[in-house]
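In the two complexes that follow, chain A is the common piece, with chain B as its partner first and chain C second.
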Partner chain A sequence: MTALLQVNALKTFYRADGDYVKAVDDVSFHVDVGESLGLAGESGCGKTTVALSLMRLLPPNASILGGEILYDGQDIVKMSDRRLRRTRWKKISIVFQGAMNALNPVKRIVEQIAEPILLHEKIAKDEATRRAERLVELVGIDKSRARDYPHEFSGGMRQRVMIAMALACEPRLVILDEPTTALDVMTKMQIQQLVKDIQKEMSLSTILITHDLSVIAETCEKVAIMYAGKLVEHADVVTMFENPLHPYTSGLLKGFPNIHASRELPVSIPGSPPDLLHPPPGCRFAPRCPLASKECEVDPPGKTVDGNRYVACWKR
Partner chain B sequence: MATAMSHVGSDETLQNVLEVRDLKVWFPVRTGILTSLAKSEEKFIHAVDGISFDVRRGEVFCLVGESGCGKTTTARCILKLVEATSGTINFRDDGETIELCSAGPRQIRRIRPKIQLIFQDPYESLDPKHSVLDQLSEPLDVNRVGGSREEKMKKILTALSNVGLIPPETFLHRYPHELSGGQRQRVGIASSMVLDPIFLIADEPVSMVDVSMRADILRIMLDIKKREDASFLFITHDFSLAWVMGDTIAVMYSGKIVERASSFDLIRDPKHPYTRALVSVVPVPDPKFRHKRVILHGEVPDPIDVPKGCRFHPRCPIGKEKCKIEEPELRSIGGERWVACHFWQEPFP
Partner chain C sequence: MKPAVTPIWRTVSGFWNIYSRVRKGVLGLALVLFFFAIAAFASYLSPFDPTKIDARRTWLPPNSLNWLGTDWFGHDIFSQMVYGTRVSLLVGVFATLISAVVGTLIGLFGGYYGKRFGEFLERVIDFFLVIPYLPLIIVLVAVVEAMEIPIPVLWVVIFVIGITGWSGTARVIRSQVLTVRERQFIDRARTAGAGDLRILTRHILPNVFPLVFANAVLTVAGAVLSEVTLDFLGLGDPTTVSWGMILHLALSNNAVYRDAWWWVISPGVAIILLVMGFTLIGYSIEEISNPRLRERKA
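And then the complex of A and B:
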C-alpha cells in the first residue's frame, strides 16, 4: 500500500504570553489508501491540533513552525491559499467535534449538504441538490426526511448529516474528530458501523480522533498514541493492544474496564499531563512513568521496532 | 411487589436506605392558547413513569440507560429538585423513616446533609472565585454543622485527604484554575463528603475526567462506600462503568425500569431484549474480540406520546402482537432478578 498522507516532523505551536505552547511537537505518521488510523490521547495532548494542521484551519494564534504534511506527494504546509481551497473538502474533509450542533437551524438539511458541493464545484444548483439527496440516503437517512430542518433530527441523525457533508465532494481522506462522543451507546454503534461500511465501499482513508481506545479497537486498523504534544507509539491495532511498547500506552490501556473480563476497577496513571508552555525537559511522560530513570532526562528519539512499529521511549 | 421485597429489610446488614415506590414525574407540556382551546386534553412529558427500587446500606445501585430515559430525573426527584407527580420515596436514617415526596421544608433541611450529590462536570460545578477552603466550608456553614472553627477545619482536612488530596493543607488555598480535572473532581467529592452523608448520588461522575485519572475517582467512591458504609445511586450510560462499580444495576427505558439484577447477572446474562442489545454493543478494548452485535434501529420514543403496550416494542427484535397491547410489568423471575418483558424466555437473535 502507498501512503496517501505522510506527516513528517510536524510542529504546531500556539503563541501565549510571548512564549509557545508546544501543542504538536515533532509528530510523524502516515495513512495509507483505504486505511483507518485511530489517533488517541487525553484531552490537551494535541490530537485536535494535528487535525486542524492537516486542514490548515488553525486559529490565528497558532502556526505550523516546521515539518511537512504530504498529501499525494504535495506539501499542504507550503500550499498557496488557492491550491489549498482545491484540496480542502475535495481531497481531505473533516467532521468536527460537536459539529452536529452547528448545523444552520433555518436551512433544510439537503440544502446544507449541497452547500459545500456548490462552493467547491462548478455545477448547477439542482444537480448539487440531487447529489445531496443521494448522500442523505448513503448515510442511512430516509429520502423523505431530506427536506427537514435540523431541529427535527435527533443527535445521531445530525451526526449522519455531518458525515454526508464531509463526503459531499468525494474526498479520499476524512478526519473524524470525536464523532460519537456525545451520542448514546446504541447510536454510537450505528454511526461506527456506517463509517465502516462507507469506508469499505469508497476505499476511503480515515483518521479517527478519540480518547476512547475501545472505539479504536473496534473500528481502526492502525493506531497512533499522543501524549503532551508528542507521538509516543504507532502500530497496527492488534499488535499494540496485545503488546503495548510505550509505558503510557500500557497505562492508558489499563484505564478501560472490560465487561468481558473480570470485574476489576481500571487503573489510573498517577499525576497529570504537563503544562505544554513549560514541558518537562526530556521525555514528557517521565514524571508519571513507572520506568523513568536518568536517561529519560533527554528526549527519547523515535525508533522503528519489529519492522513497522514506532515507539519513542528509552526503555524499548 | 412490596411484599416480595420486604424480606430484604429484615436483615440488619442489608437494610434499605432508600425505597422508591411507583414514582412518577410528569412535566406538563406548554401549548399555545389555540391548541389548548381546540383540545382540552393536557399533555405531559412522562419523564419517570412508575418505577420502584430499593437501595441498601453500603450498596452501589446503578441506573443505566440512554439519554432521556429518566435516570437523571429520578435523581433530581430524590434530591427534591423536582416535584414527584405521584409515588413515594422513603429515606431511612438511624431507624427513622422520612417520606421525601411529602416531607416539608424543615424535615428536608434536617436530612439534606445525609443525601449529597456528586456533580458531573468538575469544570462547571466549582466556583472559580472560591478557594478549596471556601468550597468545603460552604456546605458546613449553610447546614450549620461542624461545630467550632477547629472542628470544621479538621473535617475539611479529613475530607481532602480521604479523596487523595495529600497533604490537604497545601490544597486549602488553591483555586479551581490551579487544579487539574481529576483534582477538581476530588474537591467536588470532598465537598459532598464534609457533611458525612449516608447516601450519595453520582450522576455521570467521571464522564468529564480524563481516562488516565478516571479510575482514581472511581476508587475514591468505592473507598467511601466501604469506610462510611455509604450507599450510592450511580447514574451512567456506560455499562462498563456499571460493571465495575455496581452491586445492582437497573436499566431504564422511556421512564420505566425494564430490568434489574445484580451487576454480574445483568451483564453476563441479560434477559430483557433491550438490555441484551445494549450489552452486545458495549465497546470492548480488545481488537481481537468478536461477538454478535445486536444493533437496534430507530430511536427512543417521544416521552410525550409513548407507545401503547410495551414501550420498547417498536424497536424490539422479538416483539409480538401481545407487546403492542399489553404493557409488561417488572416481575421477579427468581431471586433478585426482575424483568419487564412478556417474552424474555424466547430465543434472542
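And then the complex of A and C:
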C-alpha cells in the first residue's frame, strides 16, 4: 500500500515569553490509502497541534519549524497559500473538536454544508444544495431537516452535520478531532459506526484524534501514541493492545478496566506530564517510567520492531 | 413534511408573538405607527396650508377652527404640526440609515482586523464618542451650508446628523464582532476556503445584525432630537415646516412671555412622544435579545 500522507520529523512549537513550547517535537508517521489511524495521548500532548499542523491552521503564535508533511508526495509545509486553500477541504478536511461551536447559529445547515462546495467547485447554487442534501442523508439525517437551524439539532446530529460538511468536497483524508467527546454513550457508538461505514464506502483515510483508547480500539486499524510532544509508539491496533511495547502505552492500557481479565482496579501512571517549555533531557517519559535507568537520560531513537511497529524506548 | 421555505410571515408572526409580550414595546410601536400615519396622510389631516399667513387670525388660543391655536403670523399650528411630523421622521429615518451603515462598517472592520488597522479604527471610534456632538453638528452644518452645494438644506442636516451619530453603533458592533470572530465556525469557514470578505458578510454580519437593528431604532430617537435642536437654534431651513422651526419661531417671538402656551406645548409633547416611542421599541428589542434583561414571568 502507498502512503497517502507521510509526516516526517514534524516540529511545531509555540512561542511563549521568548521561549518555545515544544508541542510537537520530531513526530513522524504515515497514513495509507483507506487506512484509519488513531492518534492518542493525554491532554496537552500535542495531538490537536499535529492535526492543526496538517491543515496549517495553527494559531499565530505557533509555527512549523521543521519536518515535512507529504500529501500525495506534495509538501504541505512549503505550499503557497493559494495551493493550500485548494488542498484544504478538497483533499484533506477536518471535523473540529466540539461540533456545538463549529456551526454558524444563524444559517441553515444545508447552506453551511453547501458552502465549501460552492467555494471549491464551479457549480450552480441549487446543484450544490442538492449535493448538500444528499450528504445530509448520507450521515443519517432525514432530508426534511436539511433546512433547519443548528439549534434545532441534538449534539449527535450536529456532529453528523459536521461530518457531512467535512465530506462535502469528497476529500481523501479526513481528520476527526475528538469527534465523540461530550456525546453520550449511545450517540458515541452511532457516530463511530457512521464513521466506519462512510470510510468503507468512500475508501477514505482518516486520522482520529482522541484521548479515549476504547474509541480507537473500536474504529481504527493503526494507532499512534503521543506523549509530551513525542511519538512513542505506532502500531497495528490489535498488536498494540495485545502487546504494548512502550511503558507509557502499557501504563495507558492499565488505566482502564479490561472486561476479560480478573477484577483488578485500573492503575494510573504516577506523576504528571512534563512542562513542554523545559522538557526533561532524554526520554520525556523517564521521570514517570517504572523502567527508567541511566541510559534514558539520552533521547531514545525511534526504532522499527517486527517489521512495521515503531517504538521510541531504550528498553525495547 | 415541512415546507421547503419558511414563509416570511411566519418569521414575522413568530417575532410578534415574543414582541407583543413586552408591553412597553407595544406602546412604543403604537406611538411610532401613529406618527408615521400622520406623516403619510398629512395632506388629508391638515385643515389649512401650514405656510399660509392670515393676518386676521394671530395669537389665537385653541379654538374650533384652529385646534391647536395660531401663531404670531397666523399659521395654523395644527397643520404645521402635521407637516412637521414628516420632517422629523424623514430626518430620523435617513440620518439613522447613514449612521447604521457607517457604524456597522466601521464596527465590522474594526473588530475583524485586529492589528494596526483595527486599532486605528478603534481610536477613530473613541474620538467620535468623546467629541461633544452638538457643537460638531452645528459647525458642520454651517460649513456645509456655506459651501453652497446645490442640495436642499434638509438633506445637509440629514447627512451631518448621519455621519456624526454612528460611534455608538460602531462600538457595540465592534465588541460583538470581537467575540463572534473567535467562534469556531469562523475558523471552519476559513478552512473550507472562505475569504475575509465572505466571512465578514456571510458569517459575522448575520450574527451581529439584530444588534444593528436594535441600535438603529435607538439612534432614530437621537437623530430626531438633533434635528429639532438644529432647527430650534436657527440652523435649519427656514422655509420648511418642522417641529424645531415652530419652537424657533415661538422663541424669537416671545411666545412664553406673551402666554401663548399652545405654541410651545404642542411641538414639545410631540417630540417627547415620538422619541419615547422609538426608545421604547429599542429597549424592548434589546430586552428580547438579551435574556438577562428579560422580565421573569411569575
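Here is the rule we go by: the second predicted complex is superposed on the first by the 309 of 316 C-alpha atoms of A that agree within 3 Å, B and C clash if a C-alpha of one lies under 4 Å from a C-alpha of the other, contacts with A are read in each partner's own complex, and residues count from 1 in each chain.
The rule is simple: a residue touches a chain if its C-beta (ideal position, glycine included) is under 8 Å from a C-beta of that chain, and two chains touch if they have at least 3 such contacts.
Predicted model, so just to flag it, every value in this text is computed and none were measured.
Enquirer: Consider chain A as the common anchor and indicate whether chain B and chain C clash or fit when overlaid.
Expert: Aligned on chain A, chain B and chain C fit with no clash.
Enquirer: Which partner does A:189 contact after superposing on A: first (chain B), second (chain C), both, neither?
Expert: first
Enquirer: What is the contact status of A:125 with respect to chain B (first) and chain C (second): first, second, both, or neither?
Expert: In the superposed model, A:125 contacts neither chain B nor chain C.
Enquirer: Quick one: classify A:101 as touching chain B (first), chain C (second), both or neither.
Expert: After superposition on chain A, A:101 lies in contact with chain C alone.
Enquirer: Would you sort A:89 into first (chain B), second (chain C), both or neither based on which partner it touches?
Expert: second
Enquirer: Considering only touches as defined above, state whether A:57 meets chain B (first), chain C (second), both or neither.
Expert: The second partner, chain C, only.
Enquirer: How wide is the angle at chain A between chain B and chain C, using CA centres, rounded to the nearest 10°?
Expert: Rounded to the nearest ten degrees, it is 80.
Enquirer: What's your read, chain B or chain C touching more residues of chain A?
Expert: If we count touched residues of chain A for both partners, the winner is B.
Enquirer: Quick check for you: in the superposed arrangement, does A:15 touch first (chain B), second (chain C), both or neither?
Expert: In the superposition, A:15 touches no partner, neither chain B nor chain C.
Enquirer: Now for A:134: first (chain B), second (chain C), both, or neither, which partner does it touch?
Expert: In the superposed model, A:134 contacts neither chain B nor chain C.
Enquirer: Report the closest approach of chain B and chain C over their C-alpha atoms in the superposed model, as a whole number of Å.
Expert: 6
Enquirer: Do chain B and chain C land on any of the same chain A residues, and which?
Expert: The overlap between the chain B and chain C interfaces on chain A is empty, containing no residue.
Enquirer: What part of chain C is in contact with chain A in the complex they form?
Expert: Touch residues, chain C against chain A: 1-2, 4-6, 183-185, 187-189, 191-194, 198, 202-203, 206-207.
Enquirer: Would you tell me which residues of chain B are touching chain A in their complex?
Expert: The touching residues are 66-67, 180-183, 210-216, 218-219, 222, 237-241, 243-244, 263-264, 267, 277-279, 281-289, 291, 293, 295-297, 299.
Enquirer: Please name which positions on chain A make contact with chain C in the complex.
Expert: 55, 57, 85-86, 88-89, 93-94, 96, 98, 101-107, 115-116, 119-120, 144, 147, 165, 168
Enquirer: Residue numbers of chain A touching chain B in their complex, please.
Expert: The contact residues of chain A facing chain B are 42-43, 154, 156, 184-190, 193, 211-215, 217-218, 237-238, 241-242, 251-260, 263-269, 272-273.
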